[in-house]
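Two complexes come next, and they have one chain in common, subunit A, joined by subunit B in the first and subunit C in the second.
Right, the complex of A and B next:
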């Protein structure tokens, strides 16, 4: 199961994901990201420090919004991936398409444009 | 002599008079009545003979008198004992433990009385009186067991009263007869002095009298009892309507009929409501269906007025009972009761009476129980149908499983240059793992393994698309890079936005002893070198198919090539293996897979895969594997 907490910090929308995202719980992640995007916020941060496992269906959720982000000019960043989870992102080549950083500070810096 | 005779009679009647059951109380009484009638007739005939003989010498002959007297008492005793056994059956109807033991004591006491006679005490002597009064007392106590009376209907009660009164008359007649004989004549045996016979008389007499009185007092309440019985039967019919294969309509009809007879409604109808809330069907009882809208209109007016005067406020007009009086029209009172199934309004039962205020609280209660039972029946009925439907779906899924299994190659032909075996299990009935082989020529083959994102049916459909794409592209003999680019392009057009496929594609050249491969987001290839006895994962780059749906994909395709040596092993697998977890939620992981291969690599080829799978299932329970998992093992020769 997964729990997703939504927070706003300055002009950023932060999604804190805790638990496991598998085929059945990926729907919650999907809803959270869709809501974030439809809220019109242009800076979205997904904090995955508490994410223990992500299945291919979960990765598919991130993937399915890539084009929408580009179209709407949304800056989207994922941070705090555990090693195992990071490996799954890497295997699939998602790190080429998705901004993935180590810490939340880096992520905020990216969103605020202080770091490219 | 007499005692033996009595014992014989007792034994005979004990076996001939059947047990009292609710159906044959009257039969029992009828038999007693007939036995009494026969005895009376014979005894009258004897008297008649005596009368004809008049005061002749023959009539004074003690021998003849005694002969007839004995015949007479034989018959009377037969009657007494048969009645005794019949009464016993009635008393012991619905017996309790206490009753059985009391009865047994009474029977022993009676037998004791029989033996007491041998002592020769006459009537009104003190020991005689003591024994007699004890027996009478017990007879009186036992006489109050009349449970069977409650199970007679009105008509049966009247019949019973008649029979028992006749039995009482016989008894009196016999008794008086015996007394007269005793007074008039010198007899060999005087039954009046027999404590057993006297007690029997008293017992039968007292039970008969009490039975008549009880039945008499029960007469006015018998209709209520019958009514209750009828309700129980209706109830049973409602609850049994499902297993007997009745359909919903029949259940509603039973409800309608039962309700009408339970509350003596003059007319009624039941309206079955479909899923959209419209009336689907109407069953009417003693009512013209055309009149229904008119009555409904009256109810509605009435309801509005009642709400207006705030006599009662109901939460929802749809889902509660409505009782009220109607003005104008033939019917003066109405009771409407909704039938709910899973809190969904499925039907409305409406009962009408020609008198006003015709439905009291008890009637509403009865109807409510009927309606509730109907709800349960309808719910069960629907559940049953659903179960049947599910069974059909299961069959369909079985077919799907079979069809999907057939999408994976049954035999893997390595042209004799490699030893190859595969294993694949889906987490659900169908899965998204795919592997295949293609022989370009004697010396070149292509291998592919893929994993569709997600699992279950959607993954299975995409897997079959992948198979189609593989077989179209592989025949073009493309390089691994071209193959991947084309596959990505094709899948980008087929897959929904959140789906993708990871794939690894290998071309093995047996002449050059090379393997050329490309990995599109798939789990890294595990490779075992025979020479070093070590296994490693190929950490190459690559992006899953269907993720990047534009012409930039080619940037992320990487092709690698290596030389193989005989005895080397490639293990292709899907992430269901490395991500399999044990009870502690630890993943099987890459290290365990690698160790497992190193342990089994030098075994005969067929044992390698067995070992790999066994190690996996030792770690993670086969039944709780959350994902599809496949494994393809290639050993070079």
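Right, the complex of A and C next:
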């Protein structure tokens, strides 16, 4: 089960993900990211502080939009990964392909271009 | 002692399977990160089996069995009678290609291979058995 809340802050869209993203629930993350992108948002932040579990289905959702983000000029950042969840991203080396930062403040700074 | 769970071929069962594996692992000392990864590997195999071998048909079922070997190794067997998976025909996908083609799948078995010490697919008594082995780190 996963719950995804959408929040808007200035010109940023924040998706707050709480719960577990597996093969059954990854469709909700997929829909949320697609909606965020197709609504024309150019700054998207995914807050994963409350994400307790992710399987390859969830990782695949993130990966599948990277090309679209590049094409549309969308800045996309993931923050707040719990240590055990972060390890899963690292198992596949996804931290080299996806912008991942520790805190929401760092994520906002990245989206605003005030931090590399 | 063998731990065994029968599950229907529905993606909604994955949560129950994870809870079952987690409960068994918790009876043996193990770090949270290691336990999480082992649960994930079993989840990936079960998800593949439910989706690709059984097309999410909840009328069909499979079993997850967990055995400890001398407290040094955990052995999982995922047993079903659907379409067998041919590991020898599997080659690890290229991440950049997955991104380029905007694919959502293809990462599950990569994770299992990085987490588990051994993966085998074989037939026994006309059933497909996927065996996953993980040595227990006692340090």
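Please note the rule applied: the second predicted complex is superposed on the first by the 116 of 116 C-alpha atoms of A that agree within 3 Å, B and C clash if a C-alpha of one lies under 4 Å from a C-alpha of the other, contacts with A are read in each partner's own complex, and residues count from 1 in each chain.
Just so we're on the same page, contacts are C-beta pairs under 8 Å (C-beta built on N, C-alpha and C of every residue); 3 or more make two chains touch, one makes a residue touch a chain.
Fair warning: this is a prediction, and the values are worked out from it, not measured in the lab.
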Task = May I ask you to decide whether A:64 touches subunit B, subunit C, both, or neither, giving the answer as first, second, both or neither?
result = both
Just to be sure I read the superposition right, which of the two partners does A:1 touch: subunit B = first, subunit C = second, or both, or neither? second
Could you tell me if A:102 is touching subunit B, subunit C, both of them or neither one (first, second, both, neither)? neither
Notebook entry, point to check: Counting only touches as set out at the top, which of subunit B and subunit C does A:83 meet: first, second, both, neither?
Noted result: second
Winner on subunit A touched-residue count between subunit B and subunit C: chain C
_Once chain A of both complexes is superposed, is A:56 in touch with subunit B (first), subunit C (second), both, or neither?_
both
Both partners, subunit B and subunit C, contact subunit A at residues 22-23, 30, 53, 55-57, 59-61, 63-64, 66-67, 84, 88, 91-94, 97
Contacts from subunit C onto subunit A in the complex sit at residues 11-12, 14-15, 18, 32-33, 36-37, 40, 43-44, 47, 50-51, 95, 98-100, 102-108, 110-111, 114-115
Residue positions on subunit B within touch of subunit A in the complex are 451-456, 497-500, 502, 520-524, 541-544, 547-549, 556, 575, 579, 585, 587, 626-627
Touching subunit C in the complex, subunit A uses residues 1, 20, 22-24, 26, 30, 53, 55-57, 59-61, 63-68, 83-84, 87-88, 91-94, 97
Per the touch rule, the subunit A residues reaching subunit B in their complex are 22-23, 30, 52-53, 55-57, 59-61, 63-64, 66-67, 84, 88, 91-94, 96-97
